[in-house]
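For reference, the structure I am asking about is given below.
Note that the chains are named A, B, C and D in the order they appear, and that numbering of residues resets to 1 at the start of each chain.
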Amino acid sequence: MSNTDLSNIEVNQKPVAKRSNPFANVFNELVSFCRSRSMFMLHYCTGCGAIELPPAMTSRFDMERLGIQPMVTPRQADILLITGYVSIKTLKRVILTYEQMGAPKYVIGICSCTVNGGMYWQSYATAKKLDEYIPVDLYIAGCMPRPEAVIEGLQQLMAKIKTDEANSWKKYYEHYDYYLGNQQHLFGNNWQTPTDIIGEAKTYQLEGPNTLGEHTKILESVQRPLEPLEMKL
Amino acid sequence: MKMKLKSKKAPVIDHSDSGSLLNPLKNLQFLARKPVTEPLKPRLASLNYRGFHLNDWEECVGCASCQKICDNAAITMVEIPGLPNDPVKGIRNHRPAIDYGRCCWCALCVDICPSSSLSLSREYVHTCDQEHIDSYFILPDPNGIHKEHFGKGWQKTEHSDLLSLTRSVMAELEPENRIDNFDEIVDGFTPEQAVLEASRCVQCGMCHDSCPTNMHAPEYIRAIWNNDAEEAVRQIYRTNPFAHVCGRVCTHRCEDACSIGIRGEPIAIRWLKRYAMDSVSHERIKEIVNEGNTAKSSGKKVAIIGAGPAGLTAAFDLVRSGHQVEVFEALPHAGGMTRYGIPDYRLPFDTLQQDIDIITSLGVKIHYNCIIGKNKRMSTLRKNFDAVILAIGLSQGRQTRIKNSDHRHVYRAVDLLQKISTGEEIELPHSVAVIGGGNVAMDIARSLARLQKQQYGKVQITLTALEEQQHFMADPEEIKESLEEGIVIKDSCGPQGCEIDNDGKLTGLKTWKVTSIFDEQHRFAPQYDEEQEVVHNCEAVIEAIGQFADTSLLGKELTEQLEWNRGRLQIDENGQTSEDWLWSAGDCVNGPDVVHAVADGHRVAASIEQQLKVKTQ
Amino acid sequence: MSAAHSQNLNVLLQEIEGIHLTHHNPRRLRADIAAEALPALLALLRGRASYVHLSAISCVDWIEENQFELVYHLWSYETSVLISAHIRIPREPGIYLSVFDIYTPAAFFERDIHEMFGVYFEGSPDMSKFILTEWNGPPPMRKDFNSEKWVMETFSWQEYHPDWLKDLEEQGGGIVSTPESIRMDNK
Amino acid sequence: MRPENYQAVNHPPSNEYELNFGPNHPGIEGNYALKVKLQGDTVVEARADAGYLHRGFEKLMEDRLWIQNISLVPRICVPDPVPMEVCYSLAVEELAGLELPERAQWLRVLQLELSRIAAHLFYFGGHAATTGMYTPMYWGVADRDLLLDLFEELTGGRVYSIYNMPGGVRQDIPRGFLQRLSDTLDYIEGRLKDYDNLFFTNQIFVKRAKGIGIISQEQALEWSVTGPNLRACGLEFDVRRDDPYLIYDQLKFDIPTEHGGDAWARTLVRRLEMVESISIIRQVIKALPDIKGPVRTPIPNPLAWRVPAGDSYARVESSKGELAYYVVSNGGDKPYRVHIRGPSAMHAVQVLEKLAVGCRVEDVAQTMFSLDACPPEVDR
């Protein structure tokens, strides 16, 4: 894929060092707890797995029990559910969407296709490994997973958020060069998004040694002022 | 417009009915209805749910059919050390591992599984984070992905089975039409039948592994399926110059190992080989065999004693490597046991002759009627040749040494078969008792049955053997066909002696009922029930209990020089004897089996080739 | 279809020169005609034989014959017979006439065939990309485009190395054949 | 966060502006986009933009064995996968000259009609949601799930049943299935009254849906509209009756039509079709126990199954209209070419583009949902 290898990526597994102030600890835990109990899932069906989401959302399996509701705009959504294969055309929109979402944000890859290409592994039109383009917090196996499996997965994610382990969104800032490289590999070197990830990384103080690199240099060289997306009629 | 315009009556649903103001009150009834919401815990899936894979390792043979049918390239075959791995039985220690990043749970792998070991469970929840993505690659076992029991879901049924388990039918002579002649019984496949039969193959390669000479059966079956008989011949000749012979009388270990044979009838690999050979002209086969043969003469000479399958296979290999090969055959025709031991109805002489013709056309020189020890001495061979191969086969019949077995109407099967095959007149008895349950016993019984039918109009042959019928050494189809031809089989009969009347005429064979054949140490020690004594009336008794090699041609001096092991020549794994110029191959080393002999011929030829190369350097 | 309809249709179709008709079954009629004669056939079918419904236009790439086959599937609500009109055009330059003026839905199919096979239809209202707007490769449905090869060159796969596999490798076992390898063997 | 060099683009003042409808938009069915030009809030031009769900099915199918494709085809239309399997199987059976056992034919009809009901229930949900009514969606999806339970029991999979294959179906029905099926149908039929009360005679919906996206009969024929959308214009055509396949010619069913050609008529046709489908399934339930015999004609080993050279065009009536498979074989073990004519390919692109013009922007979503456009069928 790109020159950066996944193995170079240091996995951010270390538990966050607890602050000495017990009050702050309690506060942190409270924040995590609240986060895990109220999540908005972006209403964007990327692939076939989306067909099992309406059952999961509605009366029969009722994910509102868990405090999860669909949300129509990425700016207010917490969870990006990638429901199955992403065609290259969709992947661009997925990345745009992901970058628009406010941190903390969580990505769930559903179905085989997000892991290793799934049944479309020979297809020229779909991307194969989702985590090369955006960091993924959780995978749910199945083709497609049943609503029960989706709900089980969401509960897992809640548990992870509660213990402050679902931090893959930080990885996007810390290893932006890797993700950008893979995106450029697929979309060409002219690829740019309206969101200033590097700037955001600075703001969140998540700029790491791998945030910048050869790919971000390419980005800088091609970056041009934002224009409205092509809207030819 | 001439369209079918049907006007419907008033709509079923009256949308103009705006209803009453009290309509919302109707909704109060919902309070009394059962809620539809399911508990948060995952439900149990249906009885044939297609969940995660299960694989019964005891059943699985590692044939990789699942890997081939998988449309998503999700299945990797993994070798598991410690599991049984027996090519002869058609078992490999490979097991499928499944990539849930590819799988689509279509269960085609379950439906094709020849051993029915794969199934899908009713378990369907698996989640993991990026760091544990390796958990998407699993090695299914009977315990399930999370070692929790959910029970089997989708399993193969008779409806969903994708394999074709029955052979395509081949025409053969009916018993009444074959009993009075030596015509070949089996017709061979028509092209349509052959392609259909070849299409049953799942290309697992078990046949290749189990074959003594590792014939490329999957490749030639595929070639036949592609209607490319010439390619099939090319694949066959990679390992077997006795292609016509093996296409007819091979002991087909491949078919015993065939994966399809686990639940159904194995692919008729032998008949397919025969089909390939029969459908290409003799001249074309010669051309195919000669393709790419550019070996230059090496100036080395090899002598081979015995023009049977082992000897001629070695000759075939060596002559193609550029050596000069001379074969010395005691009898007037080449082929050894395949010529003199196998009756015409199983292997017509002219098809055997085709194989031999191809070998001789390469430049192998055969000296017929040349008996070593009589016409030529071993020492001469040793002097004139760089290497000598002893491929003398098993020409002498073993004797039972029961009472009166020295009577002149007690024959050895191999001697009689040889006479019958050369067309020599024999004193044909009206009734015969055959001792033995192997293929040779069947051959002699069936040959005599044909002669009896021709000359006397009826068959009176009794075949007795120590074993029970299901444990006979003979092929099941031989037994079946013998019965069809009117041969009486008496199993579990131990021969005790021949009955002779006062005139010295043989009148019968006395047998006792066998209670057990082997003792506790699995040594041959038959036990009899003397009370169940039967006398089978007959004019002649034929012993078909095995053969041994006649090594008298070696001469006294050489016999003493060589190392022996329990009466057999001591050889290494390459067939070389303790003398560095003498090799031994074929039935005299392995016991009777054509395809083994061919394998042996290759092995010895390779060993000689290597040694000659070393010498040249 | 009724006898009268059938006869009418046959009489009508004889007006087209060089038409070759085959009946697969009572409701399927195959017509092989020369590429030049197709617009006349379609105009005739639509104008005089009630074939108002264009079910689909299919394209087949016969790369060995260096031809594209275009199949126009037409349905008549009156005769209940589906006529498939087959024509062959040379693969190069792969240009044909649009039948948009006879059948409006042809626009969609022609646009689709254009981006999937690269066949250009003269007179079609819109030949711009529709599905493959972000695809820069050759028209993917052409037989000379090997999707699997392209994928293998462009993407990488998960390199799983679970604990059970490590254990097996320590014992001397391990992966014998990957699915990709047996696919390559078959080719 | 904006790039540092960000400069706002000054658009010329205009009362015309362009709007991207989708792909990430709640008013779009599936992953699809519609670019519309608005004047005020009236659409003056619309262009469909597909390909977000493109997987290259037709290419993939050329590279897989005849049997392997059965697991691929249901993915082409996610809400209504069964017709895809059946249609592909029918096309291959015709090519291979396979006789279909009678029992398999009845079982296929059973699934097709179940799938139609499920798809229509899903359709109501979506359609209602575009008008701001969420309860029908909650009901419809939950009731559809009961049918999915039946599918799961019959086929082993909830959505992608992968149950049909060339030659028949993969397994016989489980014990007691027909009884449970019958019970579920009774329940669904009872629920239809609730739906009428909540949705179909609800004046909020009726007033929203009437007059939206009107297709005249002439337009419907001109644009090759098929299925319920065609019948909503008063044209009585159904592949099941007019080009019968399986055993549809032995079944009694009506073909409901409506006259308006608008969103309301299209919804109503589907509502009536559900009743017909329930009646068809009841006929199947009645007949099935007396039809004995195998459920599948054996095919040769699928790894080496060659289908004779030729081509076939199979059509079935899916919940969205006329679905057709054009399958070409060159005598090999894989299809030489498969062309899928998704029913939505017509009404989700050209028809939608035309109907959207003149709509108010809030009605665009409803127009799309009322047509029951299924983007994966367009993209393939």
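Some notes on this structure:
Keep in mind that, in the parts below, contacts are C-beta pairs under 8 Å (C-beta built on N, C-alpha and C of every residue); 3 or more make two chains touch, one makes a residue touch a chain.
Predicted, not measured: the structure shown is a model, and the values here were computed from it.
Using the contact threshold fixed earlier, the set of chains in contact with both chain C and chain D is A, B.
If you compare A-B with B-C, the chain pair joined by more contacting C-beta pairs is A-B. If you average the CA atoms of chain A and of chain B, the two centres end up 57 Å from each other. If you average the CA atoms of chain B and of chain C, the two centres end up 47 Å from each other. Chain C has its Cα centroid 38 Å from the Cα centroid of chain A.
Chain geometry summary: the mean Cα position of chain B and that of chain D are 53 Å apart.
For chain C, the set of residues touching two or more other chains reads 77, 132-134, 140, 145, 147-148, 158. With touch defined as above, residues shared between interfaces to two or more other chains in chain B number as follows: 3-4, 36, 45, 68, 71-74, 99, 101-102, 104-105, 133, 136.
Shared contact sites, meaning residues of chain D that touch two or more other chains, fall at 51, 54, 56, 59-60, 63, 71-72, 142, 160, 221, 235, 237, 379.
Those residues of chain D lying in contact with chain A across their complex are 1-7, 9, 11, 18, 20, 23-26, 30-31, 35, 37, 45, 47, 51-56, 59-60, 63, 71-72, 75, 78-79, 122, 125, 137-139, 141-142, 144-145, 148, 158-160, 376, 379. Note for the complex: chain A touches chain C at residues 1, 88-89, 92, 115-117, 121-125, 127-129, 132, 185-188. Across the complex, chain D is touched by residues 1, 3-8, 11-15, 17-19, 23, 26, 36, 45-50, 65, 68-69, 71-72, 104-108, 111-112, 120, 153-154, 157, 159-160, 162-164, 196, 198-203, 225 of chain B. Contact residues on chain C toward chain D in their complex (touch as defined above): 24, 27-28, 52-56, 58-61, 71, 73, 75, 77, 80, 82, 84, 103-105, 107-108, 112, 116, 130-134, 140-141, 145, 147-148. Note for the complex: chain D touches chain B at residues 64-65, 67-72, 142, 149, 152-153, 155-157, 160, 162, 168-172, 174, 196-197, 200-201, 203, 206, 217-218, 221, 234-237, 256-259, 264, 268, 271-272, 275, 294-296, 298-306.
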